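Here you go, one structure.
Chains: A, B, C and D, in written order; residue numbering restarts at 1 for each.
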Amino acid sequence: VLGQNQYGKAETRVVRVRRDDSVGVHHITDVNVSVALSGDLAATHLTGDNTGVLPTDTMKNTCYVYAKQVGLEPIEAYALALAEHFVTTNPTTDHARVRVEQYAWDRLAPHSFARAGGEVRTTEVTFDGGHPQTVSGLRDLVVMNTTDSEFRGFRKDQYTTLPEADDRILATAVHARWRYGTGGPGHDWSARYAEVRGHLLDAFAGTYSRSLQQTLYAMGERVLTKVPTIDEIRLSLPNRHHFLVDLARFDIENENEVFIAADRPYGLIEATLVRDGAEQLLPVE
Amino acid sequence: VLGQNQYGKAETRVVRVRRDDSVGVHHITDVNVSVALSGDLAATHLTGDNTGVLPTDTMKNTCYVYAKQVGLEPIEAYALALAEHFVTTNPTTDHARVRVEQYAWDRLAPHSFARAGGEVRTTEVTFDGGHPQTVSGLRDLVVMNTTDSEFRGFRKDQYTTLPEADDRILATAVHARWRYGTGGPGHDWSARYAEVRGHLLDAFAGTYSRSLQQTLYAMGERVLTKVPTIDEIRLSLPNRHHFLVDLARFDIENENEVFIAADRPYGLIEATLVRDGAEQLLPVE
Amino acid sequence: VLGQNQYGKAETRVVRVRRDDSVGVHHITDVNVSVALSGDLAATHLTGDNTGVLPTDTMKNTCYVYAKQVGLEPIEAYALALAEHFVTTNPTTDHARVRVEQYAWDRLAPHSFARAGGEVRTTEVTFDGGHPQTVSGLRDLVVMNTTDSEFRGFRKDQYTTLPEADDRILATAVHARWRYGTGGPGHDWSARYAEVRGHLLDAFAGTYSRSLQQTLYAMGERVLTKVPTIDEIRLSLPNRHHFLVDLARFDIENENEVFIAADRPYGLIEATLVRDGAEQLLPVE
Amino acid sequence: VLGQNQYGKAETRVVRVRRDDSVGVHHITDVNVSVALSGDLAATHLTGDNTGVLPTDTMKNTCYVYAKQVGLEPIEAYALALAEHFVTTNPTTDHARVRVEQYAWDRLAPHSFARAGGEVRTTEVTFDGGHPQTVSGLRDLVVMNTTDSEFRGFRKDQYTTLPEADDRILATAVHARWRYGTGGPGHDWSARYAEVRGHLLDAFAGTYSRSLQQTLYAMGERVLTKVPTIDEIRLSLPNRHHFLVDLARFDIENENEVFIAADRPYGLIEATLVRDGAEQLLPVE
């Protein structure tokens, strides 16, 4: 039996330049867009009858056209327009999911830019003809506290060798996704994004941490408390371990100064926080 | 409100050598294991009380101990032993998910090996005290048919420019996950793995393809038909486009001989096939 | 016959925290250091006699010790101290090469930081007992001009199909390495780094470009003109092609607004500029 | 002053299908080709005069045309044909360097294939109108010996903490490049490739190793001894450390059975071996 299925074009890389030629100033938006459509596609799976199959190449063309006609900013509006287009114009598409990643650039000059690095802004819009769902987020926001973090009082079993830590480095790469309630964010998606990003950073920096879980919760709670249009947030925080180097072997004191930045393995702490009364809809990976 | 949450140690890389010293022959198993536990962890999130938190460092140690005491092969048995250990010995753990990836090596000599490349074998065992669920799979099995693939008769809209193709290259990197029924595979996980891999390749090579969806369905159907202990399979097939180079511009004929292997964007075809009467439990990504 | 050989420890990841505890402000430096030593090592190659081999594990330990005792900043001074240490204390080491990459972090709070993304600062110090050579640089500085770039009047042969471009996007990821003269930079390596980075960006943004070669030359020339302590600079500039989307097929005008950001293949433009009278010492890759 | 400079098209991905339609059997060759040209290119650097600049887009087209007209196999012949083409037909090109990587595929069926994984075959042909130089090689050939490797008797200084090892895992990812003498390999490049690969594996597996340097030397020496048409070989061997897990903490014996496969840092051992009387021409990275 054919179960859930979807198909689409992934990772179409589009750059849009807006040219304000009266003053000679340009603006750029740089995105990576992935479309997935589902609906009644049994025919192509079972017999190879493609009557209802919109080629993924067409989806790519549509991403380009909408970059021109709707624009790429904010990415939530672009994704929403694409999702609605596919569901409303394509008879065999009941459901569209559009994911967009945006890469930030800093201005160097009126028409010159340097890529900002740092985190990637994301959105995922799903639409099935009713109310669209918008889940925005960010990933690869790498942050570190050099103190005000401890890890003590944990459970020990026969395989536990970790010493308790009074003062450790806490570092992570924030991956956050937040779901807007059906009221939407009042259409000012980019302002909301900046606000959430600020709350995540403030809570990370401002929380005295007894565990990365506690820091995660403080980050999520801050967002839900401060931004009423968000109903749910999921945070995935890899613990980027920084191990204190044992320099005592060389008669050298190392008072939390020199650390090994480790690659693998890493702790991974994940949780969803849901506004009281709201449903948990974000998937677990 | 704290919703779903889990924590664990990700990407612990373990190699196990079995030394059959009577004949001087060694065997190796090379894996990457990731553990995620969940249960009543509200205390650490809300107050930083870590009484119920088993450090992820302990999970790492446990992965090493079990590599010695249970062994790494088959990876399904190793993952199951770990999952049961965490749930049965750790009072705050109700649920464990253990993912293992295995990298293949070819033998060069009695104690010398070369890494095989090719696909990675995977498993994910989840256990909550009842019957464990085992989802095995593979990823990065890159395959190509140089003919017997067409794509015609598809839907056209105003943004469609793709010409119909009578004879094209069909290439993909197979990502498959299959769920074993509660009867299990009779404990011969590695034989089942080899069998499924063979069926996937046979169906890919043997299907005249009118769409990648049709090929996907043929691959999944073959597995469900041939391996009764599997209840469900999900396939995710990126379409690795090979575009025919236009050499006519140079008065050179190119009869499906020279192709551009493109990187991005790519089509992405995904579907789950479920045995009649079974539930669809595999998540959609 | 054994020719050139070297050995060392690569990619030791060290983080140094400086704690100004009187005011509660911390500073961090985050580096990746790779050491390669050479000298008379024939014995270990030919017979496995390791008498003269300093283990690479010892080199790693030394990197940690020097992070504490010398500090990591500026990376040129750290690399120099390590290189001198290995050559002067290890009888079989005639020559040391130390490469350091530094990852930038922005301050969030007195002891909280966010990784900056953007370019990586680099240095390579080589020392053989005489005057050390210092080659500093940066990589992954991604920049884009949205206009003031053309590419015309180029050579055509029978395989040329590229149309001339009056107005195109010019984007690249700057990889630059510059060699300081034996006078050194007056020991203010970080000021020089900031200065060079600024000149590279100014020249990129300020040059009306008829070819990426011309832009490259302008960037290198600016650095040699403005920074007298640099004798030589090598630039490697991948041309990150942005292709204008053909929207005319859909009766839509695209006046340099919507572009495809392509991955592969890419143009690659590389050149060394040498101060008049100086030698070209930087290797070609 | 403008020093060494070059430009070209990097990473053009081409697949060639040869169709033996009489028996319905296909053959594929899958490569990644990078071209770099140099010559008198001062004009474009200094003034943006592109008269002598062959667009890198044309180089890409040429790679496609030659894939059809010369074929991709063996990659040495393809690279040589391209290098000669650019130097002999392009007045401003004095020197061409063509690098090709080849990805192996296994046959599944007459026109179906699975990518082999494992090592990548490489070549670099340089041509300046005289005798071309051919440097072939391989990379990412990952090998492991589970015994017959020790590391003892090494130099100790104040920072040495590494214990001596009587019996350790020796694992590496072989990166080898060998230069053919001007006599060439008798035009049977693929046979020579298979031969060298076999000698490298035999020497790796068959050498009792007192250091990775000794193993490296044995590998290079075997190639130079057995393949008279090769004048020089450079090997770069990252030491993929496998650390024995300390299970004694848990009262469990670990007799070289369970190892941690570490990522970073890693040792890196590099050397060139030159046939007596030949020049060392391979660059040091």
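In this section, a contact is a pair of C-beta atoms (placed from the backbone, for glycine too) under 8 Å apart; a residue touches a chain by one contact, two chains touch by 3 or more.
Remember, predicted model here, so these are calculated numbers, not experimental data.
Across B-C and C-D, the chain pair carrying more C-beta contacts is C-D.
The greatest centre-to-centre distance from subunit A, using averaged C-alpha positions, is reached by D.
Our note on geometry: subunit A versus subunit C, Cα centroid distance of 30 Å, whole angstroms. Rounded to whole angstrom units, the spacing between the C-alpha centres of subunit B and subunit C is 38. Subunit C and subunit D have CA centres that are 24 Å apart.
Chain contacts: subunit C has residues 13, 61, 65, 159, 161, 250, 263-264 touching two or more partner chains. Taken as a graph of touching chains, this assembly is fully connected, with contact between every pair of chains.
Across the interface of their complex, subunit C is touched by residues 158-159, 161, 249-250, 263-264 of subunit B. Of all the residues in subunit B, the ones that touch subunit A in their complex are 1-13, 34, 36, 41, 44-58, 60-62, 65, 89-90, 92, 151-157, 159-162, 209-211, 213-214, 216-217, 232, 234, 238-239, 264-276, 280, 283-285.
Against subunit C, the residues of subunit A that register as touching in their complex are 13-19, 26, 28, 30, 61, 64-65, 67-69, 105, 108-109, 111-119, 141-148, 169, 201, 204-206, 242, 245, 247, 250, 252, 254-263.
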